[in-house]
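The structures come next, written out as structure tokens.
In the two assemblies presented below, chain A is common to both, partnered first by chain B and then by chain C.
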Partner chain A sequence: MTAPDEQEPESVGLVRPYVITNGREIADGDRFELVTLITAAPDQQQKSRLDPEKRSLVELCEGGYLSVAEIAGHMRLPIGVVKVLLSDLAEGGHILTRAPVPAAQLTDIQVLQEVLDGLQARFG
Partner chain B sequence: MDSRHVSGDARHLHDKVQIAAKILVVGHFAVGKTTFIGTLSEIPPLRTEETMTQAAADVDDLKGVKGKTTTTVAMDFGRLTLNDRLVLYLFGTPGQQRFVQVWEDMTRGALGALVLVDPQRLKESFAVMDLVEKYGIPYAIAVNHFDGNQARAESELREALDLLPETPIITCDARDEKSSAKALVSLVRYLQSRTRQEQR
Partner chain C sequence: MSQYLQDPALWGLVVGAPLAATVIYRGRKSNAKLRLEKTELESRHTELEDTFSDAVEEARLRAEDATKTALKSAMRTLQGLANEQQLAISKVQGKYGDQQFLQDLLEIDHMNSQFGRRAQSVSVLCDGWLGRQRTVASVYDVARSAKGRIRHFTRVEIRSQTNFAVISQVVEPVALVLAELLDNATSYSAPETTIDINIRTVPKGVCVIIDDAGVGMNEEEKSRAARLLSGEHPVSVTELGNPPQFGFAVIGVLAARYGFSVSVDTASPYGGVRAVVLLPQELLTSMPEPQNAPVPETPAAMPEPEEAGETAGGLPKRRRRAPIAIVPETDAADASNRARSSEETASIMGAFQRGTQSGRSADPSREGFEVQ
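And now, the complex of A and B:
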């Protein structure tokens, strides 16, 4: 694996997050966790009306699911900014979200067993 | 990189994915977090930033930027698809106390943490140990063996880090896939046994 440190994201300063989120609190969007999974909604006729940041976010999420953290990584935006964008997009019906663990369907024991089995199958 | 690694285009998760689990890889500066995550991840590790204050909450602040202390902290992470419906994310972040805000986000819903430790720099691990304990994250210790390291007795490590008798200590080379996977497996087994005990 190549050293990931080599590709530092360009620093996102004070001004840019503010502009992108139209001044909304960065703390907004608390319902998104780092590993909440996101995909683009199938019907995207309104996409062209979105501002560029939101449109590229939706386009990034076409073709499957990505976590909030991955979206931030690919877009090189701070997590907080991505959460705000996601709130708006969810409200507008542009994205679908999946909670990290389906509520009350799985115990930790079950998840841990699947993680263990998966790791062993993969790495022997 | 072998065929298991997903190519750039195939980086999306399959529609069937239902569970996104999270394990933290933590440790002091330059202990091998990024290396460890890169060794196991199926995607090129990604890096993202968390902004530490409400960045520019109002326009006036933009003019008075000087007085503001906005810190960004980087975390890197990788991904492992473990079966049709389960994906595991590994998050690495530094252990300094001033990154507490990031820790809140990172620890929410995390199964546990692997604490990387360099036995030559044990003191540097104290801050991160304080954090995992403060947030109540169950953890195992992975002793990263840097070249030229003298092996330390496990009892010595246990004492220095003030570990519970049941806390696993695994040695690992973060550059090696098998060795890193083994450390992760030990952590998961420990988490299982803890969870079982809690249910009793």
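And now, the complex of A and C:
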């Protein structure tokens, strides 16, 4: 099965990404940001009926939260393709999504100010 | 008595009889000789005819051989280019995976796969190789790979999965055979109909069954197909017709070469053709462990073999079963990045940075709205 010469040692995946998405349009990505966090839904039925990629994606997220960018890196799939898989899985109730963490920290300035005020009132 | 002696007729008879006998004898002799010559001539004629047809056949074979050799080497170049292009497309897909034009890239990828398949088919008919090395793959993945090599692949639905895998040597041939069958199935059925693939375990191995809802085949077409699919008769490139009908010829050659069987003589439940590929036990194995099989890159990217052993041993499990929440740990992300190539890491980090930047600059009130 090996050609006598000029055999390309590096070979690409057997199943191409467009087959994994089954030719579906890649959404604009307003639902899943790169930093959106994903975890597997707690009760998984019929996981064995999923495509291999979707199954391994769910398994990947079983241990905690992973960002979309990380999932794409681990699965070695283009991010757009991962987003298609994610939206399928979210529809089927296999995964849960959560807002990225850093956004919540930006609003804390008022609390900090109050703490500072309190400290100054007590020790200052 | 004496009166007879006077009779000239008697003398005539006396003289004439030996003469006639001689004449008859000579005639017979020459006749026999002529006959002999005739048969000799005849045999020489057939000999000549044989030599002539042999010479013609030989010339034809030589021409066929020359055609095949030329085509084969031309196809090898095309196959190499298709593979190279696929590799390049894959890289770009990974690099710009979050961009709008990924859709276009996927379409280009699809076209390239079809192009590669055509080159492979011609190469097979010219006794060439498929020119791609594969690792063990599940029958399901082989079927999906085949699906990706035809134009209207979205019409193909794979209904069942199995735990069986195909040994590495036949991954590519079986994928090509299935692709040719699917190509036939989609070409000879209405565009809105679907093509079903069922994978069934049978005592002799695994059957991949392809059902279309097309027009079916008549007896003549069936017998032509059976003759080509048997793989017993050598296929001539010059006999493929115009436009050339590769499909069954390619399938027959591959089935004979790798030892599996293909039949198309039954009707599908939808009135079209049912094609059955029977993969015997010798070509099957159990499912490969890692599904994504990203293994080959890991050792190459490692600087130290000792460390590689440790990390490669620990990492895949950790990646797979216990991914850690992204927020606190930086070292875990670091460690998993080591297994990637530097380009990949760069592209992922870049994408991540762009993402966080856009997240920071975005209106905070929108954040909660976007996510469920």
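Operating definition for what follows: the second predicted complex is superposed on the first by the 83 of 124 C-alpha atoms of A that agree within 3 Å, B and C clash if a C-alpha of one lies under 4 Å from a C-alpha of the other, contacts with A are read in each partner's own complex, and residues count from 1 in each chain.
Everything below uses one rule, namely that a residue touches a chain if its C-beta (ideal position, glycine included) is under 8 Å from a C-beta of that chain, and two chains touch if they have at least 3 such contacts.
For clarity, every value in this text was computed on a predicted model and none was experimentally measured.
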Would you sort A:E114 into first (chain B), second (chain C), both or neither based on which partner it touches? first
Name the contact category of A:I79: first (chain B only), second (chain C only), both, or neither. both
Can A:P52 be said to touch chain B (first), chain C (second), both, or neither? second
For A:T97 in the superposed arrangement: first (chain B), second (chain C), both or neither? second
Looking at the overlay, does A:G64 come into contact with chain B only (first), chain C only (second), both, or neither? both
Identify the partner contact of A:R31: answer first if only chain B is touched, second if only chain C is, both if each is, neither if none is. second
By the touch definition above, which chain A residues appear in both interfaces, chain B in one complex and chain C in the other? 1-4, 7-9, 11-12, 14-15, 17-18, 23, 25-26, 33-37, 61, 63-67, 69-70, 72-74, 76-81, 98, 100-102, 106
Parts of chain C lying in touch with chain A, wherever the complex brings them together: 76, 80, 83-84, 86-87, 90, 93-94, 96-100, 102-103, 105-107, 109-110, 113, 129-134, 137-138, 140-142, 144-145, 147-148, 153-154, 168-173, 175, 291-292, 294, 319-327, 333, 336, 340, 344, 348, 351-352, 354-356, 358-360, 364, 367-368, 370-372
Residue ranges of chain B touching chain A (in the complex, touch as defined): 1, 4, 11-15, 17-23, 34, 37-39, 41, 43-51, 54-59, 61-62, 65, 68, 70, 72, 76-77, 79-80, 82-83, 86-89, 91, 105-106, 108-109, 111, 177-178, 181-182, 184-185, 188-189, 191-192, 195-196, 199
Show which residues of chain A lie in contact with chain B when the two form their complex. 1-5, 7-9, 11-12, 14-15, 17-18, 23, 25-27, 33-37, 39, 61, 63-67, 69-70, 72-74, 76-81, 98, 100-102, 106, 108-109, 111-124
Chain C-facing residues of chain A, complex: 1-4, 6-19, 21-23, 25-26, 28-31, 33-37, 52-53, 55-56, 59-67, 69-70, 72-82, 90, 97-103, 106-107
